[in-house]
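What follows is a pair of complexes built around subunit A, which joins subunit B in one and subunit C in the other.
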Partner chain A sequence: MSKDKLQYDVIVVGAGMAGSTAAAIVARSGLKVAVIERGVKPGSKNYFGGALYTHALLDIYPDFFDRKPPLERPVTETGFWFLSEDGMVKATVQGGYVNSDPIDAYVALRAEFDPWWAEQAAAEGAFFIPKTLVTDFLYEDAKVIGVKTDRPEGDVYAPVVIICEGVNNLLTQKLGLIDHDLKISKTALAVKQLISLPAKDINARLGLLDNKHGLAISVIGDVSLGMPGLGFLYTTNNALSMGVGVTLDALEETQIKPYELLQRYLEHPAIAPIIKDGQLMEYGAHLIPEGGWTTLPKLYTDGAMVAGDAASMVNAIHWEGTNMAITAGKQAALTAIEAHKKNDFSAKTLAGYQKRLNETFVLKDLKQYRKMSAFLANHPEFMDIYPTFLNDALGMFFTGFGKPKGKLYKDIFRSLTRRRPLLKAVGDLVAFGRAITGI
Partner chain B sequence: MTKNNTENKRELPQVYVDDMLMSLKYFTDEHELHLSIIDPAVCQACENQPCIDFCPVGAYRSQDGRTVQIAVQSCVECGTCRVLCPYQNVSWKNPRGGFGVSYKFG
Partner chain C sequence: MIHLLASIKQVPDTTNIRIDPETGSMIRKGVPAILNPYDAHAVAAAAEWKRKLDGKLTVITMGPPAAKEALQECIEMGADRAILISDRKFAGSDTLATSYVLAEAIRKIDQDDPVDLVFFGKQAIDGDTAQVGPGAAIRLGLPLITYAVEISEINVDEKYAVIVRKTESGKEIIQTSLPAALTAEKAIAEIPYAALPDLITSLKFIPEVWSADEPLAYDENQIGLSGSPTMVAKSGTPEAHEPAETISVAEQGLSGAVEIILGKMLSNSSVASLLEELK
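What follows is the complex of A and B.
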């Protein structure tokens, strides 16, 4: 034990979206906050699709855009691509609500964005300790009073710790906030290739005017080979972010190699021309905690709170997670500030975190979508039969072949019913409605 | 005209995952391994050895078709093996601070 005990008002574990946000809010209030990050720098362990949502970013820094954030393209077109084995139906939206001011979402690269996001918190006064792994907690009378790290004499003290450790929430488990490791039916493995392409090719192939226009696409159907999962495509300035995520239990059952599934997606006849001649910039893999409400840990205990992926704050259907992490990080920070004002760091005060989160979209949405992961597991037809049917139906509708139209409609109807009886199809639709409305 | 895609899938292409790992940057810990097999005999007796398939960087290998070894330096710390190993036979920790994968782009 060193003579000068390292003492802060608040410790944040992990400098991702939740952690650096929490640190900024705490530091802004004048409290002393340390952020402990295991990577060489913030973001070096993070790998996502993906897009960041401006509503959450602006809430933390109203002058966010004036600070010249390292963002890629704004998302000016978004939606679904439905893949059959050899075809594709696009259902995307542009203009209208998507053309908001500011644009709702921006594509980003986390190894570039996260260090910048951390710098903003550092400018508020937060102190960052990189290359340091938090290994355990320090307790006094069963209350958390700090953390142990893998540095020599590495104990760091604070009366409140905000855990933003990411999806592999071993500290959250250690603290007893959740009594099990990640559930394989409620965790997805996503693998991604970042593929370099000249901007002019990206623009020409995807119908984008210039670098001020970008795509965020969820790809459904053939991409996941019937497993509960999705593919995605995001446009950065000079690259395409192409990936696929499937649940771990499906991977276990099918024994498919995730990188082969990804390669199969990239070789799809409708996808291959888009990435032709592209160069691999980076491959990577990351887990996504898709359980949401059903795997939500207890969010607080004496001296500690948990936010972001570590707390399963992901809406898998809407690909939201970073925005939930930012919002939750902020609410945890406000609760830590309140605890310091009261000089009471017990679970009773920190329960304010849950109360605050209940008022935000984070817990409202997670609760509403609580049936979603079970729905997707029990309804593989949405990943398989329906995307294929959609391709067949539109394909038949928009071709002639001298076939009488009466026969055409019969054929379309049959292309559905030979895959899924009509009553089942109606049932699927009702189940889907229930899953998204939470009724 | 009648196509039946669901019963006639495109096959999975063969991928040499090591080629993709060239795109990754690592700070390799020369002194400590953050991953290890708890009991090699359990892997020997494991029927399917699913780790060889599910690991997204192909870090789990078997030269002789039975003995499982881990190329720890290629691990991207995703956590899949910790939760998918049917016998919970993987000792999984985060690498020490500053070590392991370091994404350049993310």
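What follows is the complex of A and C.
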């Protein structure tokens, strides 16, 4: 079949949060945009059980909530659960700042949300091409002028390509925007189960009034067996999304299998009652690029930009990634539009993408948290000693009846110093402070 | 010019079924709808022969508006025309009613543009009845070749085809006059990986939609619930069976094992009475 060559103004690779956002913004400006997605549908290659942040969603569609998005429960209670081997301390917050209008975060299932998010972009005029893998770029005078796909007659042309290919950033590597493959110390593997339970059981067991209330919890401590990583729990309408993510190098070193880690978490005496009689609906795993600033690729070159997971735009401590992807997708799109106005798609014009991103929380936060992944790798005590100490300290404090309180406090103090000398503990706290403030 | 026709169905992806623990019914939300795999292979075979003979391929389906996606997949494979037969009046149709709807549609298409060979998948993976294809073929009075695994020849001028079908004991090679109908096994053709321009054509494709009244006026007593004598009394998840008891020959010895098994059989009252009768 010989036809004219497939020509668009902008090509977006990948129909995730970054890609469909970029496509919507580009299409809205009247430019012709094609989104090439390898999955059968947007979201079909995704595995996610977390929260989306309303600030980013509303920034793209101010009438976001009127569009009836397929969201699960709002996050009305959030915080940490600290696990020891047989106990748990909960430190969560509800009401107050969390009870904002609109609620700051919503739990979503990306297999449902992504097709909808793509539909919104399609309504703006973006054209989605599913079931097609982008394998390489087309160049002219060393400038990107399109992409090659795995289909016969599969070349697609556009003067600017926005790469939103996700964590496995083979194209970003191919383009030389980053000089290495994923690093096992900077990449986490998250394994997750979606466990179905009647809403009334979820509400009763987690102290939620109704389906308009939900939980987003980071679980720290025994869940990761001292490896740098966290467990999580999110409530959907009729299920719990529960998993654990740890860095690949730790898994390799300890030879602990990810599913064993997850099983252990779900069998923990404080966790098992929550999911009792639940039915396993889904089981899966996904990589998370946690290197942030340390694995940030060059964000642009002649004729191409990169956004989202492909560019390591994840803040693992705050579970942020989807909002960074949306924000970056938008900034890349605005830059592509500017390039079309100037009719200049060189790196010089596309550098505007980095300038725009510098003004947003995305690059500011990634820079501020640049020491975080190294910090967690070098401070396993935050994953075992301190959560256990917290459990012991509170447990002793509330059971020390009949014991002289001077002795009680000494015992509590000793339960810390027995595990970690006081000076070291103080040093750990300072180091933690430095890691989150970036100083 | 040869005219091939394929009749397809969009089905829930049964490899991905989830059951609501509260109601015991299938959760359709989030379950992807796909082109029935056997139908996909049937369309692939039809598309292959259409190209080979420079003919024409029409695809039809009865289903909800969303079934258009399944038709688009057929366009991607090379179909030229696609018709979606869709109307609330068809809701609840069983295999009898469905075969009526499809047969009448094929008859109508055939009047305007004579059809030489009709392709069905051997069965749909949701109902697994394997009744609709044969039902429609009988209504149309077409020779029917079920479980087709290969089309060896289609002779347009002399109006015959040679088709290989799978049987329990082997293969049968059948020469049939045309027009005819077949139901396809997956082996009949590989699903092609379409060229990008064909995929794009399919994504933009809008099928013709036929209702229960236009362009064909269906007999309302033969469609939907009123045309469907099949009753589903109950559906649900079967109870898990107790694991079977294992009698180890290594532990019991052969005669010991036979003795135990015979004892168990004889203690079963229905087996015992059967033995009594045989005596």
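The rule we apply is simple: the second predicted complex is superposed on the first by the 435 of 439 C-alpha atoms of A that agree within 3 Å, B and C clash if a C-alpha of one lies under 4 Å from a C-alpha of the other, contacts with A are read in each partner's own complex, and residues count from 1 in each chain.
The rule is simple: contacts are C-beta pairs under 8 Å (C-beta built on N, C-alpha and C of every residue); 3 or more make two chains touch, one makes a residue touch a chain.
Everything quoted here is computed from the prediction, not taken from an experiment.
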item: Which of subunit B and subunit C A:Glu153 touches, first, second, both or neither; value: second
item: Touched partner set for A:Leu225, first subunit B, second subunit C, both or neither; value: first
item: Touched partner set for A:Ala111, first subunit B, second subunit C, both or neither; value: both
item: Dominant toucher of subunit A (residue count), subunit B or subunit C; value: B
item: Subunit B versus subunit C as contact partner of A:Asp392, first or second or both or neither; value: first
item: Subunit B versus subunit C as contact partner of A:Pro198, first or second or both or neither; value: second
item: Contacts of A:Thr335 with subunit B and subunit C, given as first, second, both or neither; value: neither
item: Contacts of A:Asn323 with subunit B and subunit C, given as first, second, both or neither; value: neither
item: Which superposed partner A:Ile256 touches (first subunit B, second subunit C, both, neither); value: first
item: First, second, both or neither for A:Ser373, with subunit B first and subunit C second; value: neither
item: Shared subunit A surface residues [contacts with subunit B and with subunit C]; value: 40, 44, 109, 111-112, 131-132, 149-151, 281
item: Residues on subunit C engaged by subunit A in the complex (per definition of touch); value: 18, 21-22, 29-30, 32, 193-200, 203
item: Subunit A-touching residues of subunit B, taken from the complex the two chains share; value: 1-3, 5-6, 8-15, 17, 20-21, 23-24, 27, 48, 50, 53-54, 56-58, 76-80, 82-84, 94-98, 100-106
item: Contact footprint of subunit B on subunit A as seen in their complex; value: 38-40, 43-48, 84-86, 109-114, 130-133, 149-151, 167-168, 170, 181-182, 184, 187, 189, 191, 193-194, 222, 225-226, 239, 248, 251-252, 255-261, 263-264, 267-268, 280-287, 384-385, 388, 391-392, 396, 401, 403, 411, 415, 419
item: Interfacial residue positions of subunit A with respect to subunit C in the complex; value: 1, 3, 6, 40-41, 44, 109, 111-112, 127-129, 131-132, 149-156, 196, 198, 279, 281
